[in-house]
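Heads up, the next two complexes both have subunit A, just with different partners, subunit B and then subunit C.
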Partner chain A sequence: MEVWLQLLVNGISIGAVYALFALGYTLVFSVLGVINFAHGAVFTCGAYFTYIFLGGVVGSNGLLAAQKLPVTFPLAIALVLAGLTAAMVGLLVETVAFKPLRRRGAEPLLYLITSLGAGVIIVNLIQLLMGAEAYALPSNILGSMPAVLALGHGLQIRTVQLLLLLVGGVTMLILNIWLNQSLSGKALQAVAEDATTARLLGINSGAMIQLAFAIASFLAGLSGGLVALSVNIGGPYFGISYGLKGLGVLVLGGLGSVPGAMLGGLIIGITEAFVPAKLSAYKDAVAFAFLFLVLIIRPQGLFGKPPIEKV
Partner chain B sequence: MFDISLFVLMLLGALLALAVYLPLRAGQLSLATPGFYTIGGTVAALLSTTVPELGGNEQTYPLTSVFLELMLAIPLVALLAFLIGKPVLKLKGIYLAIATIALVEILRVVLLSSPWFGAAVGIFAIPQPFEGPEGYAAAFAVLLGITAWGCQRLETEPLGREMAAIRNDELAARCMGVNSERVKLIAFVLSAIIAAAAGVLAAHFFNSWSARQASFDASITTLAFVVLGGSRTWLGPVIGGLVLTALPELLRPIGDLRLIVFGLVILLGPIFIPQGLIQQKRS
Partner chain C sequence: MPLAMPAAKVLRVSPKWLLLLGLLASCSSTNSNAPVNLNAGLPVGAVLSLTGNANVYGQDQRLGLELAQAAFKPGSSMPLNLIIEDGGSDEAGAINAFNLLINQGTTALIGPTLSQQAFAASPIAQRRGVPVLAPSNTATGIPEIGSFISRVSAQSSVIAPLSINKVMQLDPAIKRVAVFYANDDAYSTSETTIFQKAIKAKGLNTVTVQRTQLNDQDFLNQITSALRAKPDLVVLSLQAVDGGNLIRQLRELGFKGKIVVGNGMNTPNIYPICQRFCDGILIAQAYSPELKTKENQAFVATHKAQQGGRVPAQLTAQAYTAYQVIAEAAQRLNKREPLKGMPLRQARLLLNKEILSGTYNTPLGKISFSRDGEVKQESFYVAEVQMNPDGQTGRFALLK
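The block that comes next holds the complex of A and B.
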């Protein structure tokens, strides 16, 4: 029983981060109808920014060798700053890789390629500036908090896991409230529903798309920083596997569905946690096999609307 | 000096681009090509390193054995593509793309983790049917020639026209009596066959083989070959594959900046030449 619960806790905490990250894909998809393949690279940026804002020193291989910020921020502020910086990167990606195509009404296939190009540039810039080595966030970031909290009945949770869960949960809550209660959130939903009608009603859809990119990239940067809390940053290609898993979450939940992305993240996180340790090498395959099965049975994902074919 | 090994890689790039192009011609964005390519290579690597009878008596590995590998890999992959394609091709647009990405990931993880396929280190010392890269260049050129000829023929044949009709409007094509399920499946299987054949030759050329070939990056890079070359005629992917494979190597003198420039090309290409380098003649 306890083992079972423990796995559930592990799964939910990583699932919360998957969900957070996939929400970024979802936001962009809902307003533009395309997938931003640079999202994983922005996630990587978030992890590196977090490292820098926490006062980390750049290794010896990059152009910025042995540099560091003159100030060291506390963890909470560093995470927010990393998210904001990632949001700026996301806006830049939108301006360079999406806007020119959007203006022309280009076919969706082209967005895949341009956003991938943007991702390649970001990843290689990181490599150029920071080198290819792995980075670990300083071990004292949690301050006086214990590394592991006992929850009784032999159940325990790493403080980092709890942090992942809390930050992920609160961010998603805020996002939901914003989307459904605020004027700008509703405007974003209007653009997602029908961009032309929204424009006729006086909504600046270009600005809404930029807003979607900024928020999506903030979420990517934040989840990058959160993941870096629990595992080392393995190098500039850190974000690729998360980028793929995020795609899985996106499709599992249904393209463009916010509750779908949240549930999808939890499902994939929990599924992975329940893969027995002996088969842990197959963990990534299990998540994708699950995704594949869902697609075959329910092609529009768990929460997606079935497409209507119009003649 | 012209580097023949690079030329071999360029021909390989063109072949993989044609494999991506075929389903795309029928409007299906399938990113499964590196998966079938990896299966082809794995079949060749396993057979040539574990079956001593294939080795023959001469110094070099007999070409007939390579042919035998092809004859085994192609039906295997065709069957696999048929079985996978049946359910998968019901998915539309980006769902299909992501389902195929999922398939390639599953394959990669399984191959990398199970000891039968060389696990993470891969399969080494794959015997060489040719003494130098010239022989490989000839072999790849023949394979590319056959494939490109087939694709060019397809464009005027009913099947090719049906594919184009599905790309333009599947519903309309079905109304005109096109069996779109069958046409899409044929395109998918043909694409898998091209990728597998390229994989068989590539395993020998690279001398070692591991499932790392089946990466998400490889899926998207080959797609970039097609989009930048032009996705409307067979010549587009061929040119795109040749040029974009050569580009990072030709940029080697600028060192660390080369992949950034490569990224810039992929980023700016669709913005400035949305139809690709080779555009369709207007009729």
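The block that comes next holds the complex of A and C.
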């Protein structure tokens, strides 16, 4: 029983990251109906920005070799700053890769290509500036807090995981409240529902799309920084595996569904955690196989709406 | 009514087009019957992992090659013209870099960084008759790829058991062992087999074998499962980034026993990854900066002067050695049979023979090669990682 509970804790903590990541995809998908493939690269940016804001020194292989910021920020501020900087990167992606196509009413496939291109450029830019080496945030970043917290009954959780879970949970809660109770959140939902009608009602849909990109990229940057706290930054391609997992979560939860992204993330995380030890190297394949099974039963995903056929 | 499927089209290529393609292909590569291009020195290529997961090794290796270039070029009658290509950290990257360098007319290649890459790329060099000297491939079966493939990196079966012997000397009470390895990596799967044999030979009980993948970052499930088996010792065959991450998470989750790691973590670049948690891990090495030979002391002194007092890593020493072997072999060959005007194909063949027939005084000690290209080396070591209080820097302290 203890082991099952421990696996559940492990699954929830990694699932929260997937959920946070997939929320970014979801927000953009809900307003534009396309997937932003540069999202993984923005996530990677968040990890690197966190490292820099925490006073990290750039390694020896990039153009910025041996450089560091003149100031060092505390963890909480560094994470927020990383999120904000990532949001700016996201806005840049929107301006360069999405806006020109949107103005011309281009095919959705073209957005995929331009966003993929933007992602590749960002990753290469990181490599050029920071080098390809691995970076690690200081292991004592949490100060005097223990590395592991005992939850009783033999259960334990790494402190960074708990932090990840808490920040992820609070962020998702705030996002949910904002979307459903604030005027701007409702305006975003209106644009997602029907951009033309929303425009007729006086909502600036262009600004709402930019807002969606900014929030999605903020979430990506924040989760990139949080994950870097837990597992280090393995290089400029750090975000790729999370990007793939996030896509899985997006589909499982139902395209464009915020609650679906949250639940989907947790389900994928828990599924991975319960993959037997002997098959643990294949946990990605098992998680995606589970996704297929769900989609056979509910092709629209857990919270997605079934397509309405107009006659 | 169902849509009619279009009839499958068969691509018909006329012989004229095939001929044209063949001509284009031959134009893009160097004619191996043409003389070796010695304008900038004897062309030698190096394929290193400068990007991707294995870049932490490539950095060490590039430094070794640069130091060797500075040491062997001046005053040489046949200086090497070293061309370094990034082979990434996967098979495709290494294959592309090998093809590129072979087509540029290189007479020998150093690399690639990973055994996994070598199994994919070295057969290409073998088919084209280009000598390859591997500076860091330790998996079983590398020289067996062919007569043009040799290595200066001693294979895992020689080195890995030493660290198991040493850890048993340090703590004879060890009984239960947990093993981790990446099941999608040739080096890891090869080395773990050797580790597991050594563990069995010592009468220890392997209580769990956990499999990971090279790009894994989160190991909580494998660690949870392994810790349930209550091991006294953990043995890892992983690369530097995933291995460093795993050690950090293992220690954080409360494992207090000894950790033995394989050659994949044989680089000071692991220090910033597992930080203070690297402290105390044991590793068998094919190089010691403390070796008291004239060649090694000169190498260490140069390295320290350039690197702010840091002692060289094994991978740096092995890359330096690979360059030295080719430089000395080329020198000897040129003295006996001048390379000027020699057809490229013949130069590659003779250089390969010369490499394999020589004896070399290198930073690794005196080395030579077996007939099939396996390095013959006299001394091996076991070191313990000792981290400094800053948690970011440390050293491999030799265990006597």
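Keep this in mind: the second predicted complex is superposed on the first by the 310 of 311 C-alpha atoms of A that agree within 3 Å, B and C clash if a C-alpha of one lies under 4 Å from a C-alpha of the other, contacts with A are read in each partner's own complex, and residues count from 1 in each chain.
Here is the rule we use: a residue touches a chain if its C-beta (ideal position, glycine included) is under 8 Å from a C-beta of that chain, and two chains touch if they have at least 3 such contacts.
On a predicted model such as this, the values are computed, not experimentally measured, just so you know.
In the superposed pair of complexes, A:Leu116 makes contact with subunit B only, with no contact to subunit C.
Residue contacts after overlaying the shared chain place A:Phe37 against subunit B, while subunit C stays out of touching range. Touch criterion met: A:Ala132 reaches subunit C, while subunit B stays clear of it. Contacts of A:Ala281 after superposition on the shared chain: both subunit B and subunit C are touched.
Looking at the shared chain after the overlay, A:Ser60 reaches subunit C, while subunit B stays out of its contact range.
In the superposed model, A:Phe292 lies in contact with subunit B only, and not with subunit C. Of the two partner chains placed around the shared chain by superposition, subunit C is the only one that A:Glu272 touches, whereas subunit B remains out of contact. Subunit A residues 127, 281, 284 lie at the interface with subunit B in one structure and with subunit C in the other.
Within the complex formed with subunit A, the residues of subunit B that make contact are 29, 87-88, 90-95, 97-99, 101-103, 105-106, 109-110, 112-113, 171-172, 216-217, 220, 223-224, 227-228, 231, 256-257, 259-260, 262-271, 274.
Looking at the complex, you find that subunit A touches subunit B at residues 34-35, 37, 96-97, 100-101, 104, 106, 108-110, 112-114, 116-121, 124-125, 127-128, 240, 244, 247-248, 250-251, 255, 281-282, 284-285, 288-289, 291-292, 295-296, 299-300, 307, 309, 311. If you check the complex, the residues on subunit C that touch subunit A are 50-53, 55-56, 59, 182-184, 208, 210-213, 215-218, 220-222, 224-226, 228, 240-242, 244-245, 248-249, 251-254, 269, 272-273, 275-277, 391. Of all residues in subunit A, those touching subunit C in their complex are 3, 6-7, 10, 13-14, 60-61, 127, 131-136, 138-140, 147-148, 156, 158, 161, 227, 230-232, 234-237, 241, 272-273, 275, 277-278, 280-281, 283-284.
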